[in-house]
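We call the chains A, B, C and D, going by the order they appear; numbering starts again at 1 in every chain.
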């Protein structure tokens, strides 16, 4: 089951969401803190059906449902499909960072003209979306490890309902970077896209890979599918990986593992007259 | 030694460049086919000094000099620093490909206002630059493996001398992509940068890593430094890797290998209750 | 005197601003409804010094001060220098309209990083700025006269404080236009500018032309200087002209009139064998 | 008759085009210097049908045919419909000039994917198009009168066939401007349009106005219709007007003259207590 519903009203995880007993009690009492998507999640897990949350609201991301999934051996994943501007951010930011180019600011504005845009005009809905969108950059750039490069980054995300855009979406990003001696440079990205077209194939991939996970005995959170998600669900205390290429390598190597193929680390030492077998022994001894 | 000279006149590898004997003979006879940068390369290798070619013209990329470097155990690398638009291409193209987004066209135009720009007004100089720039995209996208997505890609690269830009450089890229059901979308990237600022740190990194390579006994072509180069020199018959993130992982894992640290493959199976040691045995058995 | 102060706190014209007696009484009582710029305006007019308001807040735009200026024969003008994005709008919109191209939407976003930007983060300050900026387009396009072309125009203006931009300002405009059969087309304008550089020459021009107005016996509102202003002050009941080229012709013909030169109407009938003197008689008879 | 054919092979006006006798002789001898469009023009004028050339090649722009049109009292106009990038240039450049903003460079690149684009890949065809496109800016900016502002303007126009664009056209313009103290600023314009949609209404307007011209007794070159044309045909020795808003005022005042209405000069002196009748007498005395 892949949840593709519109963003639900914002709910903060509370008492009802800590244990499965409390959840079931609230469910029976028709508590307003049990959102429709949570009921679907609960039903899916109880039936042994793998579940993915493609929206930003809380659905499977609750302590009680994560525990339930692990207990029942059901694969789960979430949240929020990674499609337009955030996809681009997790492509560009790791690239800039890999060259140690500093970033002093990233201004992102979006215009969209359908109901998604109207909903995000609501400050509360936008807040949850904004928080999710802002986190990506910090996670990729690690300002704590590189304070000189990313410690003073001014990151702004704006979303505006703009009727003429209709079902299409358009993003304009301005990125202020700096190189040696603090020399300032700029990158502007204008992305004219359509959410539904970018999201549809993710639904198909996730349906197939969740089925594979179930058949392979993978239980609970499927971190290897973070490639598809804006805010990947991870075990408590762990930081999610947002770098698209790292996510892809993780996805591919997991598939290689399942297919009993050799994992790829892109070493290729034979080049320099070194015995590759030496390399693969390192760290395994 | 890191060659940072201006692009030299175009020379095609000929008889003088096949064996070291022929090269030395042509050198003594002051043959016009021996470019200044080749003399520097020869001198560097004979002195046991590692050599990197940061320009697009032939310098160390000659059969005779590659053999000489291997024979004398001297690390070499080339060619052409990867800085502005091509850097961006090897960041964006793998990202788009990782989501299997088709690309029907990529139009790149550059304006720059210094001597580099004036030199590239010359059709011959531009041709060699263009060939090198066009190759990157094909190598990353593999149209032979994905003809539906990249088999009909119209790729254009233009460079114009434009005086007001001075020492700065500006690129404008239009990328026509398509998603499910062939739905067309567009990405525009405007990059306002400065070549010298982007290139300088590469020179420092390459100087240090080439020294490390020499001290580590790595001989001949240093393919692991392709991360820094637009057209990485590889062994005859092999295809160069252009994907920036793959190049970075290769660089990092090579450093890990030299530091006797565990290589990274981003698997992380402990998540799903699998014994990670199982995974690392696969492929090594 | 040309007022170049920062935007003052928003004040709505009230009782104190209707007659000069009420204004002087409020002034003596240090009423909070008398802003600093109003005191300067009052002093200027009383001294017979022409006054221009370059800021968006109310200063000379009060019934009492307009009357005072007329009574004392002092030229006045305002308000808000027309420099960056609005300048561009009054260049582009008349051009598009002259070809009867429809406009379904105009999305304008601005980023600036100095105190002007911080002030406009305040919703109240932004509101007055937004109203002034939105009005320009409606005045130029006349949606009442062309409902099919401009009656359903979605116009959005956003201003964001963005630290890395510093004293510079950057605008990104997306304009959705449509031609025959409603065919949609798009224009994007990215303007990288600096307010102070664009505004400074306006101050000089206005100082000189206001002096000329005074010496020529022009009293009260100087509508011919609307060329320089975002929200030109006009006589009650009249609509301001925003089209930059019409404003320029008005400015130039006023100077021609003062210099006793022939006014220009760009007719040029001699072309077709018509006696030009015939034309100039029309409408004057 | 409004000529809308594709750009013909480039022909320079020669002996055959100087007198109507020479033209008719060459016509009978099927000279290769008589292009198809010239034959249509000749036929139209002989039949008393007004003729407009909407293409950049020589058609009515020949001494012999201009004389023939005058002799027979037939209105003619040309050449090349002003639609996309050049339309934008004649909107923007006058606007920037009206504020005396200097321009150090204007780089224009176009991508289009239909036969028009393929034809312009031919260096000869492109040359004539380029010359016509380059002239517009010089005519508007008058570098001879303003050498400090426009005397060192680097103007580049590039057109590229780019298959994915199909029947649509896309322009990207970079404009380097400078303000006080030579402070550099930049404007980028990205225009996504479609030539046929922009051109079609011009054909209709021209057909109607040429009919009006004929009925009003206007003979020969109709300079007042330059509003619609990239390279307006003018009497020998005169410079064409390219400023779109001046062209529009000329068009409108000509229509007012024909309708016996008062001409507009945007003076409006009643504002300052001046008798407007005084103004209209100036220059007419």
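Basically, a contact is a pair of C-beta atoms (placed from the backbone, for glycine too) under 8 Å apart; a residue touches a chain by one contact, two chains touch by 3 or more.
Just so you know, these numbers come straight off a predicted model, no measurement behind them.
Looking at subunit B and subunit D, not one chain touches each of them. The greatest centre-to-centre distance from subunit B, using averaged C-alpha positions, is reached by C. Copies subunit A and subunit B of the same chain sequence form an interface built mainly from equivalent positions, shared numbers / all numbers used being over half. Centroid to centroid, with C-alpha atoms defining each point, subunit B and subunit C lie 54 Å apart. Work out the mean CA point of subunit A and of subunit B, and you get 31 Å between them. Between subunit A and subunit C, the centres computed from C-alpha atoms are 47 Å apart.
In subunit B, the residues touching two or more other chains are 188, 190. In terms of inter-chain touching, the protein chains here make up one closed cycle, each touching precisely two others. Contacting chain pairs (ordered by label): A-B, A-C, B-D, C-D. Interface of subunit C with subunit A (complex): residues 104-105, 107, 109, 111, 154, 156, 158, 160, 162-165, 170, 172, 174, 176, 184, 188, 190. Put simply, subunit C touches subunit D in their complex at residues 87-88, 91-92, 94-96, 98-100, 179-181, 183, 185-194, 197-198, 200-201, 213, 217-224, 227, 235, 241, 243-246, 248-250, 253-254, 256-257, 260-269, 271-274, 277, 279-284.
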